[in-house]
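Think of it as A, B and C in the order they're written, each chain with its own count starting at 1.
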Amino acid sequence: MRHIIDLSDLTEKEFADLYKLTTNIIDRPEGYTDACRGKVLGSLFYEPSTRTNLSFSTAMMRLGGSVVGFSDPGSSSTAKGETLKDTISMVSSYADLIVMRNPREGAAKAASMYSSVPVINAGDGGHLHPTQTLTDMVTILRLRGSADDMKIGLCGDLKYGRTVHSLLHFLERYHNVQVYLIAPEALKLPDYMIRFLNDHSMPYCEVNSIDEVLPELDVLYMTRIQRERFVTAQEYKNLEGSYQLTAEKMKRAKKDMLVLHPLPRVDEIAQDVDEDPRAVYFRQARFGMFGRMALLLTLSKLPFIRAGHQEIGAHGVRCSNHKCITKTEPYLPLEGTPGSRCPYCDAPLEMLL
Amino acid sequence: MRHIIDLSDLTEKEFADLYKLTTNIIDRPEGYTDACRGKVLGSLFYEPSTRTNLSFSTAMMRLGGSVVGFSDPGSSSTAKGETLKDTISMVSSYADLIVMRNPREGAAKAASMYSSVPVINAGDGGHLHPTQTLTDMVTILRLRGSADDMKIGLCGDLKYGRTVHSLLHFLERYHNVQVYLIAPEALKLPDYMIRFLNDHSMPYCEVNSIDEVLPELDVLYMTRIQRERFVTAQEYKNLEGSYQLTAEKMKRAKKDMLVLHPLPRVDEIAQDVDEDPRAVYFRQARFGMFGRMALLLTLSKLPFIRAGHQEIGAHGVRCSNHKCITKTEPYLPLEGTPGSRCPYCDAPLEMLL
Amino acid sequence: MRHIIDLSDLTEKEFADLYKLTTNIIDRPEGYTDACRGKVLGSLFYEPSTRTNLSFSTAMMRLGGSVVGFSDPGSSSTAKGETLKDTISMVSSYADLIVMRNPREGAAKAASMYSSVPVINAGDGGHLHPTQTLTDMVTILRLRGSADDMKIGLCGDLKYGRTVHSLLHFLERYHNVQVYLIAPEALKLPDYMIRFLNDHSMPYCEVNSIDEVLPELDVLYMTRIQRERFVTAQEYKNLEGSYQLTAEKMKRAKKDMLVLHPLPRVDEIAQDVDEDPRAVYFRQARFGMFGRMALLLTLSKLPFIRAGHQEIGAHGVRCSNHKCITKTEPYLPLEGTPGSRCPYCDAPLEMLL
């Protein structure tokens, strides 16, 4: 555990330790006021993400540490004018830890290769967002006691929603997790994720509305459906009834069901649900801050190292993903055979013509 | 005293305590270096206001606390994509206090309804700006000893200048305050403010130039006249002589008169006045920082609470002010009869057709 | 030593003390964690400069201090709407120190005249950038032990590169410094700088490629050549071979030669040089942070003073530099005879018609 690119990189032991530290901080926050005193977090947001940015900054400050960096590319001359490698080399010579958000897929992995301090991925395009998964897991574990023996409904955009994919990847570690996939035809879970569920013997079923399964669920994980994914406003309107949660529908749910949402929500959860004690999405945001405190604290204790020397491999392949970080940072080493996975963004490699 | 929407919400006792704490901080700042250690201020500026923003941030830091947030809407994905209610719910789950500047009138009141931590209004459109009034009052009280028995001239844009209106509202608490209104015809104090003066037996007179009354004054409160409020540059030019303060004019003023200005000034105060010891507008900015320190410290000691449940009332009315926060945040409860005051922005309610 | 407008303003004793403090901080950083506790740095960036901004902010935070300010003009209402004098008057009433970056030449000098707290110039247009020179000097002194008896090559844009000019100005203090000027014809060191070298008996020679002198050098100071300075891409391409450093070329350099670069680099240093231990440009960035810590700490110990009264002189002259701060801030006093130097930007004064 040095860089956090994907939450699934953590061993069971590492995650258990991280969760234990999180609960200690939740229960006794005053014990950690000076835990990162004198440490500086470099916060590099190449695209705006106020929520994630605020959560990390607050986490660092609650540990007594400081934050420097930029919060959108417009205000950063550096972000525009130089390679990622040079920016990371510079910032890791100033800061003790780096948090980075970047629209290019694989950017976090690439940054970690040139950093002498730990790098935390705060989202690399549509690829990974490990601290959202951490947020989700802390919420489930803290409020249910366990993620075993759980019926979880995932509702909304299951096709493009990376938080859903990451959560499913992580839930594979738990016993007897039953998955209900609640999505319109056009936004169904992709084939490779269905294959993942099959490969890991995770039982699932696909349904067409919240109503069909609501009384069964222990956890309902809601996500945004972006209006622009549909051809017509009418088509979108038709779907609203099936994938929107309301106070009326909540009457049929279990008394201890949890409603999670990665936020921001639009109208997939009606305002009248907010007062329901089972609606825990704002508490979830708070749990996310505590999880990030635990992560920052753990990584800040690692010794300072020099970034490793990188072997530049023979460039016989290229990544097939046009959003991959290797498309804009041509110096990045890339090895493998056509069809194997890109080490940065996990898309298939292809033959370089 | 929990949220600070309007300075006049404070009781006399609460304000006296706040002013006493302010003077303690001024006299012995080193005693407060750790007073807010471990606390985090959420600073939400939905429109840029560098001066107010810097003042609050510095105040929090001088108390040993930290600041997170955003300073203009462009760098905030949150500010654009979600309801005020959700943003406040999120930020109040991270921060210990919230300071908010928002172009919508009534936004501060609306935010306070969904916050589990104290909200301070740093300006809601043209409506209220309580910490500017606090700044003005600390300056007067500190440099004069009292606001009683005072002849105060208010000069410039008395029609749109919300700082003038707020200051007059607050001065009603003091004895024997005589008000000189110095404004061009087009920018005279509005009727409802004149009514306020009459209702509270505050003597006033309206005059056409600084010269007429300058030798009488104990305090001269200058404000900006915005060029674009006038039809022609010539018309504006004609007014300059009457409403501009110069070193030459200052010769006729009392030796201990105070010149205040909320800043930024343009040319209503000539550069050559700056060296006059009676020109206290830059010291006023410093007093404002100390007043904000006292306010932040007082509110930071309040216990953490959950935001109250809100009863959504029958929507038979709407606010007549098109800048009101209820126009963009339709979930906000709104009760009352047509003609009564909007609970957010104080404009009259009207029948919903 | 009160304001830092130009590094050459420091006496030899002052610079020696500053460098000594820098090395103490490098060797024992944990001893300075609270050195600026309770102090606030006002960081005013009128144009974005992420690198310099991050370096100063990190430096202040590593001393336990705080930072307020703005990082680009777009997010600052103040920066646009008022005079530099008023902004500085305000900020110096809040903060304990000011760092300013401003595109107008002479702006730092102008700001220092109205500040009651120390002002550090973080770059005033193409004029001066003293903490870059401090960064360069700390790197040379720390890694070579001395700047005496040194053969230094300066490569790239020697015409517009202000870092090169400042460094040469400062190196005049050392013994037996031999200068190799490596630049294309169009970007040669300007006449007045050549005159400076002659006046101070600093031996120099001008050459047309790195190759010619590489084996001789103790220090190679690389700078960016901006593509847009050349008429055609082909012309630029021709130059690349002569003014670009590669791993292949490095084989001919001394074993202990140092390669410096003010960063950001584009392609004047090939990626394959980065792994060479003689490539110290990223360590240089780190030394810069430590130098800034020493500077902030030294200045933060100065007592708070009121800004001095300024005598407004007779305006018989104006500055000939159209980028000079006096062009946008007309209240600035300007005295001297035509042909003498502007006190702000050092350009010649001319008769006011």
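Details
One rule holds in what follows: a contact is a pair of C-beta atoms (placed from the backbone, for glycine too) under 8 Å apart; a residue touches a chain by one contact, two chains touch by 3 or more.
Just so we're on the same page, UniProt names per chain: A, B, C = Aspartate carbamoyltransferase.
Model, not experiment: these values are computed from the prediction.
The chains that touch both subunit A and subunit C are B.
For the pair subunit B and subunit C, the fraction of shared interface numbers is less than half, so the two copies use mostly different residues to meet. A separation of 41 Å divides the Cα centre of subunit B from that of subunit C. Contact with two or more other chains is made by residues 74-75 of subunit B.
Put simply, subunit B touches subunit C in their complex at residues 30, 33, 48-51, 54-55, 57-58, 61-62, 64, 71-72, 74-75, 263-266, 271-272, 274-275, 282-283, 285-286, 289. In the complex of the two chains, the subunit A residues touching subunit C come out as 37-38, 40, 42, 66, 68-70, 74-79, 81-82, 85-86, 89-91, 93-95, 309-310, 312, 331.
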